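So, here come the structures, one by one.
Okay, so chain A shows up in both of these, paired with chain B first and chain C after.
Then we have the complex of A and B:
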């Protein structure tokens, strides 16, 4: 490379020779444009990431006149996965019954088929194989954990987070898509609906949490009469693990449907009109139109927003923290809340270890989704 | 077509662009139902802000003046009795959200534009060297307690030496897409992983619980989103205008400021609003970094859950005054938002 190289970044096209300060600045603009962003991210993402990795290997103790840090190796992780905190992160297990074994075997068969397709598909390569191996192992492990704790045992914060992520994102996507398809038809007042449906996104999650606590109040809330009619007047949702989780999920869904809706509506509106009309003239049913025309044209957008939501959904904390404070017991605790609670009790090492577990699970999930599902939707479009 | 049965008239579309009456009815029914689902909780919060404690505790009252006599006591408490204790977090929120958003959009747009128009070529050896040195620096500071500024200077010097000597001889390099992916992937990082070290960092330099700390953190957290969205807006701008300006001798910065930015205005508006909403509503980072002086509104809302139980009426007032400005801005900018999110998602 001919030009001076003072930092990690350099322009490939050699700039025409110029002299003087102004010209020098102009030559360096490439670096000047990107460097602020890179430096900020290094300082606030990469540097903390490394410190956090270190924190996850220490034991923090308040001592006289300050605190002491003791290096304990992987003991923080060991405590979470095998030790005294196992119930908190992973949950308490229950033996597999027939149902669990059936589901597990079906999933194994599915994964085996997936690998079989990969081997025989003619695109075999080593990085792809390793990537699939990681995805498949995580999937199997999480499925096993879910099956072992949800039916019979008590799920820990990892499974609860997965519940919020998978069920929450699917619900939000389903409702958002349905509303977008309805709203994308030739109807009046579309703009009014668009504005109204967008509003929940603007409310602070803490506010939403309190709002849903008011609404879910079975004696004094607005739905009290309905609950009483169902004979649930004395029922306390906050004391039952699944109803508490459902309330958290409802709040999350209420907030994030708008995001799905607004983007999918824009995608639906951008669809080629002539194809639609041609299909209608040919007498295609609405399901056929959806499958063959609408879905292929909005699939890339759908994949991207699901990815964005996946990334954000793993970080859920405000709602469970304010709605239920993680309770009853640890039933509604997400990984982020788990980590925060550990931090509050001065367990810095444990907190960082939970954070790293979350980082691992969410990264593998999001990257897998991007590579194995997100990319595919783009190919079908082309 | 004239003598269709009632059944046919209900369920068959009269023309290609119109819907059958039955399905139109169903569509409206579902949309209005969802509108109620969206609006009712907000309505409930709004009327709760005008209720007296006993009215809340006695059971559901739905319509002011009919079911109960509204009272402004909660509003008076928040604005008069609390007065400055409300105003301070509110102003904190305004200052922190606006400043961090402006900074994130500015810095992010610069980076996004550069990643669209300029080819970068980072040697993989340089990156590896950087990571190794950074790890060594962190290790040295945390394990052996070396003073952080001296260690940082030594590491930087080593890095430049490394980059200008061996670093060049590596063949493989990272292009624009790799840089972009790296920037975006920072968003996957859960805040709870990053916030502990950020907390310790600000504590070390004595900036904990200040505007600066909050602004810097929010800016960093939202930067990836700005880059993600703005890149596609810039990619959509025809390059011809910029090329002719370059031939005329305009510098890159000039081209960016006078030609590119005005063209990308819708995208800027949408991105700005989205990031502003995120910063305005953020809770977890604020919980860690601010304790009193830099406290923001979400923390104040959460704080209404006092020992006497949640103070629904005060909370409702706070939620209402938090939503109001954002709703206003969104209605003003709503066309841009749909378009802005669309572009980001289509190509993202």
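Then we have the complex of A and C:
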């Protein structure tokens, strides 16, 4: 049967679309739109990271016409972990006593149990195993370091930073949650309280540091008479390592409680009211309501703000710098202040090496928190 | 009354400034630097920055050059200048800084050689500058790179009225210093009814503490004259810290803390000066500033109640061959006074002005004219008598006549006492020179400063402190080349 013209036409392959400049531009539009963001990210995040990685392997030296950068390999890290700067980063160690061994053994048992649950829980996978291995290794190393330096030795900037991060963020979260729960109630003047509690967040950290420096001055500060009445006039908080650290912690807590408070308050106020009312009608107590309704409802938000604060807290520098200048000795020096002081004295390699140590510890800690705690809160909510 | 006296002093300063400007403007003729701006960096005042800021507008009126005084904290000054000049930013045209740092700035070519300019500058009256400051503060490697604006020595000050009342003589040794501090600690020294302190020394980390420890160590370590040096062995470059002499100095340093304010380890010189001039301290160690701050009628309650002495010394000194402390005799302490080895420490050396070699020629000329103007006797002789300037005497004419000081409010006896202590230090054949080798800032402001801060904080004991300094200094020696450092160290001592 002869083919009709129509059939011939229908069998003809469709002509390929013309590939002009307009179409090409159209195809590239997505990439073009993303490009500025990528360039900015490369310029301001990746490039400095690479440069500081390079700097951590060099020694800066003045030379005719300017300066020279000499490659020294891992010498800057070696100096920090095993050499003359070990005391500064890791601290000075003391032998374990019964208490330290007990805590360390308990922690090892806890980690072993964690892995046991992972192996027998039916959700074993290789990436999960590697992640847990890294987290557990860092946890054990940091715990050993803390026990070896805090009880008898002298903590270095790494343990001091961990103190600011763990104790500080816990305090800020606890107080912030408490205030949010209080202001979430129908109490008189709660709007005024909200504003008052929020104010510290608006003050510059340097201003807060100077304010606490004045308040803690027991000889000339505005509270000097009160200190003297308590017989503390001849005590200097800045001369004792732990009291100096506590003042830094107090200033940091005062500054960051409002952040926790304001976000948690929003979460508390967005809780499903019908569940709360039903629980009250059924005669549930306050603790029961908090455990079974409030906490599951605000847990994802809580985990997120704790994560944000963890990241931020690792970078603390302004308060110890202004309040105590890192002293007495190096007792209040955080990792960032340690890095800054090294940079200020032209030890660019040492400064970058401290920076990279901070990056490693904070990244592993925050990723671990996100994976092993943050994710769980979402499951709880579900 | 006090305010009126102060106003009169300020008025006299301004008048003297205006009159002198007419004279010094002849060197830089009127309008010569129209449109030229000079950015000068120094440390956050009020000292040092104050006279520069006060005189800059007058200088602009006379010459047309606008001088911006940029201030940064002392602990940042070295690195701010270095990063600006080393990276080629060159936003700073000139700076007033420690002459010690010249070794790091001259080598890479950051500082302009001022030899020819200074030689042709009659108004500077270079011969009037005391030889030590002319040679140490102004020159490096035989050439002039800076102009001296200040003369610095560490000295000891005591409350002459309180010492007299209690029958305590001025301390000759550090042991005497401790005994006096102990005896007077806890007594009411200013009549306000509250107990005061035996000794106030700046021991804050990142401030001036590392000079204080060497002011004490100097007389234990050096006894054979300036060329012996007090920081390193002149043959091997081994640090002179792992020995009983430095250990004895550390003992004195920590002992004084027991008789100081409770927060002494957090006090810089600004704080200790405030405490001393408000009558709260029986003794202090400081630069020449105490003498002039004590006569400030607005802030001082100890005018004419201050005794000035060369730094106390020691009756035992380090025998370099045996490494032991030995008693002073004619051989071990050839420069001893009353059997006591005194070794005044030329701490810091005095603020000096240097110019960025990469600045425009016209800017360099204007910067030089400004520093010369500040240093000329007409300005300098007035500035060194005012406490808040932070400038201390460094010209021979400033030591020669007490009239200058009497006009500033000092009694003749106090002026003689004050100037006498400076001159005794300046003329001592056993003066200890401050460290002036490459990276001296890292040796002193980092390693030494950290170690003594940790000692006072209880993080290190004496042996640990010595070990930390020795290890840190040896490490820096190796990084910079032991032979290279030794060569420079020896040349600074004239060897």
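Here is the rule we use: the second predicted complex is superposed on the first by the 348 of 382 C-alpha atoms of A that agree within 3 Å, B and C clash if a C-alpha of one lies under 4 Å from a C-alpha of the other, contacts with A are read in each partner's own complex, and residues count from 1 in each chain.
Everything below uses one rule, namely that a contact is a pair of C-beta atoms (placed from the backbone, for glycine too) under 8 Å apart; a residue touches a chain by one contact, two chains touch by 3 or more.
If you're wondering where the values come from, they're calculated on a predicted model, not measured in any experiment.
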item: Chain B versus chain C as contact partner of A:219, first or second or both or neither; value: both
item: Of chain C and chain B, partner touching more chain A residues; value: B
item: First (chain B), second (chain C), both or neither touched by A:331; value: second
item: First (chain B), second (chain C), both or neither touched by A:207; value: first
item: First (chain B), second (chain C), both or neither touched by A:50; value: first
item: Contacts of A:59 with chain B and chain C, given as first, second, both or neither; value: second
item: First (chain B), second (chain C), both or neither touched by A:24; value: neither
item: Partner chain(s) touched by A:235 [first = chain B, second = chain C, both, neither]; value: second
item: Touching partner for A:196 - first (chain B), second (chain C), both, neither; value: first
item: First, second, both or neither for A:262, with chain B first and chain C second; value: first
item: Chain C-contacting residues of chain A that also contact chain B; value: 219, 343
item: Partner chain A, residues of chain B touching it in the complex; value: 16-19, 24, 27-28, 30-31, 34-35, 37-42, 44-45, 48, 56-60, 62, 107-108, 110-111, 113-115, 118-123, 126-127, 130, 134-135, 138-139, 142-143, 160, 163-164, 167-168, 179, 183, 185-198, 200-201, 216-217, 219-221, 223-224, 227, 251-253, 256, 277, 280-281, 283-284, 287, 297-298, 301-302, 304-305, 310, 312, 315, 318-319, 322-323, 326-327, 330-331, 334, 337-339, 341-342, 345-346, 348
item: Contact footprint of chain A on chain C as seen in their complex; value: 75-76, 79, 82, 86-88, 104, 107-109, 204-206, 261-266, 438-439, 441-442, 445-446, 450, 453-460, 468, 471-472, 475, 479-480
item: Residues of chain A that touch chain B when the two form their complex; value: 1, 5-13, 22, 25-26, 29-30, 32-34, 36-38, 40-52, 54-55, 69, 71, 175, 178-179, 182-183, 185-187, 193-207, 210-215, 219-225, 254, 258-259, 262-263, 265-267, 270, 277, 280-281, 300-301, 304-305, 308, 311, 314-315, 317-318, 322, 335-336, 339-340, 343, 348, 351-352, 354-356, 358-359, 362-363, 366
item: Residues on chain A engaged by chain C in the complex (per definition of touch); value: 59, 61-67, 83-84, 87-88, 92, 154, 217-219, 234-236, 238-239, 241, 324-331, 343-347
